[in-house]
């Protein structure tokens, strides 16, 4: 393991927190809280897919929902047909990753500029959304699974113990599995970011031409990152399907893509922990808003988004970190570059 | 990337504070709590808000009359914001945390299929009050809205007698649209007519020019519309703009179900559209006069638009309250047993009874013509059975059923 | 034969419709490289202003052609001063902020106006072509699309305001050095773009149902037209509108609306692969 990672207290803290929640959480929470927190865990996996490629590779995707949805539908269709969930779960990673690689090849080898790349990913998501909404008729079925159009697929199987299709996990166990996946994912991504591969990614993020001149294959590198992000998003989609036990075309919605962007922005581009915190806080907020009846909820959420962008442009965690650093340094000249900085052309 | 320890302590403090926010238990045993889940914001709030108002009004009426079993009724309502994951969370919350004795809500079929299994699992009686495509088989759910077999079966022969035998269907491209279109085809053919064509439209379609041209080329005697939502209102508007009004008449089993569409079209555009539902604001009987005046007085600032969905929500609460009174308890099984006797209730919509085999309503169905934004009732059919769901569901044989059948014709 | 004319007219209508929808967005994007994600809600606001004022007794043409652009234009200027101004050069941030704005507007309009209002009927009646009848309003839309593009071209080409705008578009720093207050230019551009969008919303009101959440039905189409068109306002919008409108409407006639929409998206995707900077990134490069 790289020294920078080994000496980073944040890394150890997050890992430990993950493990503590993993083992102790189910002992203290009631069923409702477990369901609630499982949702945050699944969406955290989803947000990491974007936090990684955007924050550490400078790849901005407006279409993470395409992969999320693809994973969700892949998992649901496969699980309904196979009657067990282990292999479908693998597929929920693999198929979006392969699709991501193909799409990435198309975009990065086509030298699409950043803004246009954002739009291409968004258009792909919209195509999925349109087409899946059109599958209401009985002729749209894959094996035993009816795609269901706008209404989606009901009764997606609950996760079972690998090898035993009848041993379903209860909500507490499902939480533990998902929390383990999230913790592992966090650790692996941090290791990847600290590795040579990760350094090259950041080199590309900072200056693509320079990285290319130094002899790195920028396009191939970006395709790999993008496909990895797609796979992670797809896996989150699979988790989402089995957590909700149903799936509908909203997994492909613009809103789902936007949420990943908002959480990453709010938490701080260039961190992994920030977006996770943002998921928890913002999802909790929207849940609480639905319980109170003060103003129209769209009005409040929209307002919060605008205020966040205007007042906390770097995102929560980097701003907090800078604030603390500024307090500690107190006017000394030491200024470190902001890790959350995004190349100006993104 | 480096993090300072303090940053993380602060972050994590916020995190754990959120996660372990203490459960606020409202453990007052002197009230009977019921749950409400209607979209109060988002794309279909125009249906959800009146439904929620009707529910609150029913609760207020019950309480004014002294409550139930000597206790007051309290409605716990959440706004799922047209978001399916919020639907499933709030459903779990109502069942497990608020421990409500019954739940009223769900609008789209997707939202119903999200929450129905949850209430089935936790044995919380669930009342669904929206018209839908039929086929739910679940002893825990009482389904009160009309199904295609109830409305299409009355509307088609009636309209064909008036206008002729060649029918062109335009329908929304989702489950409800597809199934209703299949029923339309069946009834058109049974009545000796000819279905020229069925076209489906995504729910966000706003431009209907090409379809209107196709209809002009096909020259049907009438158009059956199963279009849904505000985007699809464009069809009626562009239809009139193409000069088709007065040329080919339109009938629909989806237009005006929640009472909003008829208000959103101008009289010139809407006049003459023939519809069939289980309730209209214009139904003439003593109960409905009382209901209409009462709810308008209860909401003097923002009276709800009244349509099948809102009136049926009111019905649902009243039927539940009647069952609680008669059973002398809020217990699920006791309530269901009362409802399953098939007793008849006199409600604003007319006579309603619950079919014990399907838990769907056997109810009066009306045919009405839109005139100056009001539904002018032409005909009434008494005690119409939900024959579609009866084809696939028998709860006396399979009391544990927990499915939504797709009824194929 | 009649049917061919009808199909041709419908395709022309679809093209004009895309042009009208996208024009406001194209002005803002072409000039300031800001993508207004609340575009759909600006349309919705235009629609609401039109029907509210019409229901209050204002003649339809005035509420549609004057009030809607005026109010939405002023609203746009306010938004520019309060929000967009702080986000120049930060495309993603401006995108997220305008996304927030779109939610805010949906909620705000629901609270202020409610979600069920009576719409207005389509004016102008219909005309017969052989056995068919088409709305006269369609011809108006085609006319307005042409007039709109002409007007933008004339302003940019022949007025001093247009000269300043073109200069700012090409090189803002240089323009600033030469004494142009670019921040005012941006404000005016955003206001103008919003006004054009308001007009489009007004024109939309008599065609479809007007509700707070209607914007989402239009945002994808307008967005894709602008991006596919590329940086130049007129040539880009026109070429992309023509191409996408023809493809989607042709496919709609042949199959149905779902595949029409999908064909539009697919065409845009292939086009962007071939011309990554949009159509005007390679062809008509020097045009406006």
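We just call them A, B and C in the order they show up, numbering each chain from 1.
FYI, a contact is a pair of C-beta atoms (placed from the backbone, for glycine too) under 8 Å apart; a residue touches a chain by one contact, two chains touch by 3 or more.
Quick caveat: nothing in here was measured; it's all calculated off a predicted structure.
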Separation of chain C from chain B in steps, with touching chains one step apart: 1
Pair joined by the larger number of C-beta contacts - A-B, A-C: A-B
Gap in Å, rounded to a whole number, between the CA centres of chain B and chain A: 35
Chain A-chain C separation of Cα centroids, rounded to whole Å: 33
Touching two or more other chains - residues of chain B: 41-42, 173, 200, 202
Junction residues of chain A - those touching two or more other chains: 130, 133-134, 296-298
In chain C, residues with contacts to at least two other chains: 107, 110, 216, 258, 261
For the chain C and chain A complex, residues of the former touching the latter: 35, 83, 86-87, 89-93, 96-97, 99-108, 110-111, 216, 220, 223-224, 227, 258, 261-262, 265-266, 268-269, 272-273, 276-278
Residues of chain B that touch chain A when the two form their complex: 1-12, 14-15, 18-20, 23, 40-42, 77-81, 83-86, 88-90, 92-93, 96-97, 108-110, 113-114, 117, 173-175, 177-178, 200, 202-203, 404, 406, 408
Footprint of chain B on chain C - complex, ascending: 3, 6-7, 10, 13-14, 17, 107, 110, 114-122, 124-126, 128, 131-138, 206-211, 213-214, 216-218, 249, 252-253, 256-258, 261
Chain B-touching residues of chain A, taken from the complex the two chains share: 4, 8-11, 13-14, 17, 21, 28, 30-33, 35-37, 39, 130, 133-134, 136-138, 146, 148-152, 154-155, 193, 244-246, 248, 250, 270-271, 273, 277, 280-281, 284, 286-287, 289-291, 293, 296-298, 317, 320-321, 324-325, 339
Residues of chain A touching chain C in the complex: 60, 106, 110-113, 115-116, 119-120, 122-124, 126-127, 130-131, 133-134, 254, 258, 261-262, 265, 295-306, 308-310, 313, 342, 344, 346
